[in-house]
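We call the chains A, B, C, D, E and F, going by the order they appear; numbering starts again at 1 in every chain.
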Amino acid sequence: MSAGLLLGRFQPLHDGHIFVLRQILKECGRAIVVIGSAQASHDADNPFSAGERVEMLRASLTKSELLRTTIIPIEDINRYPLWVAHLESRCPKFDRVYSRNPLTISLFKGANYKVIEHDLYERGNCSGTEIRKRMAQGNPWKDCVPAGARKVIEAIHGEERVRALAGRK
Amino acid sequence: MSAGLLLGRFQPLHDGHIFVLRQILKECGRAIVVIGSAQASHDADNPFSAGERVEMLRASLTKSELLRTTIIPIEDINRYPLWVAHLESRCPKFDRVYSRNPLTISLFKGANYKVIEHDLYERGNCSGTEIRKRMAQGNPWKDCVPAGARKVIEAIHGEERVRALAGRK
Amino acid sequence: MSAGLLLGRFQPLHDGHIFVLRQILKECGRAIVVIGSAQASHDADNPFSAGERVEMLRASLTKSELLRTTIIPIEDINRYPLWVAHLESRCPKFDRVYSRNPLTISLFKGANYKVIEHDLYERGNCSGTEIRKRMAQGNPWKDCVPAGARKVIEAIHGEERVRALAGRK
Amino acid sequence: MSAGLLLGRFQPLHDGHIFVLRQILKECGRAIVVIGSAQASHDADNPFSAGERVEMLRASLTKSELLRTTIIPIEDINRYPLWVAHLESRCPKFDRVYSRNPLTISLFKGANYKVIEHDLYERGNCSGTEIRKRMAQGNPWKDCVPAGARKVIEAIHGEERVRALAGRK
Amino acid sequence: MSAGLLLGRFQPLHDGHIFVLRQILKECGRAIVVIGSAQASHDADNPFSAGERVEMLRASLTKSELLRTTIIPIEDINRYPLWVAHLESRCPKFDRVYSRNPLTISLFKGANYKVIEHDLYERGNCSGTEIRKRMAQGNPWKDCVPAGARKVIEAIHGEERVRALAGRK
Amino acid sequence: MSAGLLLGRFQPLHDGHIFVLRQILKECGRAIVVIGSAQASHDADNPFSAGERVEMLRASLTKSELLRTTIIPIEDINRYPLWVAHLESRCPKFDRVYSRNPLTISLFKGANYKVIEHDLYERGNCSGTEIRKRMAQGNPWKDCVPAGARKVIEAIHGEERVRALAGRK
């Protein structure tokens, strides 16, 4: 059974992430989702804690998707040549990596993984940077974020937090 | 909905852990299982990686248990007064802590959590230390470990690894 | 007896800091002054060492103020959710926090401290950033800095150091 | 004006420390007291936090002693050749070091400090190790500890804490 | 026999470095070459690993130069007042430091080293920043880099790596 | 051209190390010697600094051996699954690893290196532990250590240092 890896910071989770995760679950027996920069939270680029980001994911998947998905928060190591070994030591075994990031692609290819440049999510303008900017400026952002994650963000007053943190930059 | 926290290193997962987890799932809406010392592996006291320990847990729960359980690997911080805040920043919200460890109990009580001294698992002699010792000496250990975790340990040649690491102490 | 906390980097100490400290000593039995980023020195934003900053404070207080003030240098931890616990583990007990920084206010309120948004020091343009800029450009800065701290800065050739470090940016 | 350095962990402060501090204040214009291992607390060898140790010192000195003494908590760096530079970067200037520890003596002599092997405090059996052992076993310890520090230890239920932590070893 | 220290990141090695190293070998019995930021690699400002930078140096020296040169890769410590002690603890004894960097000069003078402001290499526009920029933009860079280092860079496809990393900034 | 890796702490260098290094230089075009625990020095198990250990090696090789040997001091990373990647990022390319340590053998085999269990050096009782013990107790140790390394140890008063550090354990 093949296992596909998805890497992200999920600040916050958005529809583009879910789109790739569903591609993985179609093509692999299971998905491993790594929540990167787990140590970061409450700063302008990383407003949400690892626990909150785990919740966004769990709340946005169906039961059967959740049962086939393993969520692993991992803190940064900040040394690229050690990144693959760092992930391997924290994750269940995986054999495919889904990414469009050139450095990620080159590091995992160098370690003999099958790397899949996943399809692009075309609808809307989905990126963490864009969503945080909209939140900070009071512009609409909810059309980019799955309903489950939206509820988590509302419950923790996430929009207010992003706005407060943006003021500190 | 209340959420109960279970802390352990799970080196390896054993029936005593499952016994407490089932108590939590009976008494709370959900369980948060923290896999401590996530950074450690391949030494005599911590033979299994965080990823392997996540697998042992996932393989030992029923589907409905798994859907109500959130597994969070967390690296050590090695400063007791920061331990509660470290866990809070990495976990989904929880309101109860299940533990029999006096320091854990005192730290979480100090932070106003409801702490439950869980029942003792009476059958057998279930502890990570005991199981690693038996593995290292070639004595029987499988009666202490749930079937799912046993399969994970076999697939990674865990017994051989523990034996090899024990020789280095 | 209540104890009021004042947080700062004190790069360098200026009249605005002393103004708040005196408000604390009027309203509380004692003051705890935390010198943050204690590990930093000899860079453009942090020209002065923790030891030098302790001296600036000691040299600028009267004897009776000094006897009611506890100075605690603390290195950064760089993880906001752990910041309150980090400070608690290094400081004598305190029950009030004096701050105008929104993140500090929100973190300490979240931990059930009484937070006081202290008055503003109106005279002059007192900020560490402004003073370092003036020092670097050879402009007058001494009207912002208490006489005791000025003497410390002179004794260590602080103005020359700031000028040299500014050139490296 | 010469300044004498005293290094210790002060787990807890005892009469031997005060004895040396008074020798320093007799021979030097001022004393710098470094509270080492500031990051440690709540373990069997380091039961008291840096903040609590600062309080023990402050509570045990007379006003005039306190005005001539600067207390600096410093976390460990764990690399001996950097220890002197680490201390220099955190402390006000000092020119004499009071110690009987051969490594401390050799490191500071190597850095051209005047090192004074202070007199021995003869009365009783004063050492942190001995006091923690007595606390853990419920034996009398108060004759070794200055009255001010005793009150701090009582206010934080220090004896109970040491006993609880000793059980965990 | 005097020993001269040369500090650099060597990202990559260029003719200016060799020019200074030859001045050192003319004036001292031996040279110590410290490869700084040894932990960094595969980012836009630090494309080459410590091992690769060691190779560039070894490949660019004559046998007799190599026998008189000791190459020491050292990771950053990020605290200026500890920098000299950090270097001393990792290097063979040295008594002269060759540098034109004001902070380096001031730190080593403060530690009583003889500091020599080495001559400037006049030919071309030799700096790591400039060479990385040319590599990233596909402009000619080889006239700045000794033949031995060029071969190392070619063997590891260094130009392609710099171009890929530059795209990520 | 093949390159053979030799790993050690070299506390201190002894004849057994030289014996293996000469085997490597017979069987490979070049040798990479990694000086491990580079950050450690001045403690009982690690009395010598990285710089001093580099000197011991340089002083004990012939010119032609030295020209074919690359010495790389590396600090510990303390996470076994990252050890191979850590070494690869700091060393020139190597393809063979010479070791008799089971964990080292298993880690490098797992990363597809050719691992050679080198011959045993039979003469005498050569180990760092044994030599440090002899030094500490004033027993003869020089027959285990190459003449070049002996001279380095004498020049830094190494025997006295080991004796002083042993007393602190």
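The rule we apply is simple: a contact is a pair of C-beta atoms (placed from the backbone, for glycine too) under 8 Å apart; a residue touches a chain by one contact, two chains touch by 3 or more.
Just so it is clear, the structure is predicted and the values come from calculations on it, not from any experiment.
Trainee: Could you tell me which chains make contact with subunit C and subunit E both?
Mentor: Expected: A, D.
Trainee: Can you name the chain that lies farthest from subunit B, using the mean of each chain's Cα atoms as its centre?
Mentor: E
Trainee: What chain lies farthest away from subunit D once each centre is taken as the mean of the Cα atoms?
Mentor: Farthest by centroid: A.
Trainee: Approximately how many whole Å separate the CA-defined centres of subunit C and subunit D?
Mentor: 26
Trainee: What is the distance, in whole Å, between the centres of subunit A and subunit E, each centre taken as the mean of its C-alpha atoms?
Mentor: 38
Trainee: Rounded to the nearest whole Å, what is the centre-to-centre distance of subunit C and subunit F, using the mean of the C-alpha atoms as each centre?
Mentor: 48
Trainee: How far is the middle of subunit A from the middle of subunit F, if each middle is the mean of its Cα atoms, in Å?
Mentor: 43
Trainee: Listing for subunit A: what residues touch at least two other chains?
Mentor: In subunit A, 41, 49, 79, 81, 88-89 touch at least two other chains.
Trainee: Who touches whom among the chains?
Mentor: Going through each pair of chains, those in contact are A-B, A-C, A-E, A-F, B-C, B-D, B-F, C-D, C-E, D-E, D-F, E-F.
Trainee: Which bits of subunit C are touching subunit E when the two form their complex?
Mentor: Per the touch definition, subunit C meets subunit E at residues 39-43, 49, 164-165, 167-168.
Trainee: Where on subunit B does subunit A make contact in their complex?
Mentor: Residue list for subunit B touching subunit A: 38, 41, 49-52, 54-55, 58, 63, 66-67, 70-73, 75, 88-93.
Trainee: Subunit B touches which residues of subunit C in the complex?
Mentor: It is residues 79, 81-82, 84-86, 88-89 of subunit C that touch subunit B.
Trainee: Would you tell me which residues of subunit F are touching subunit B in their complex?
Mentor: Going through subunit F, the ones touching subunit B are 79-81, 102-103, 106.
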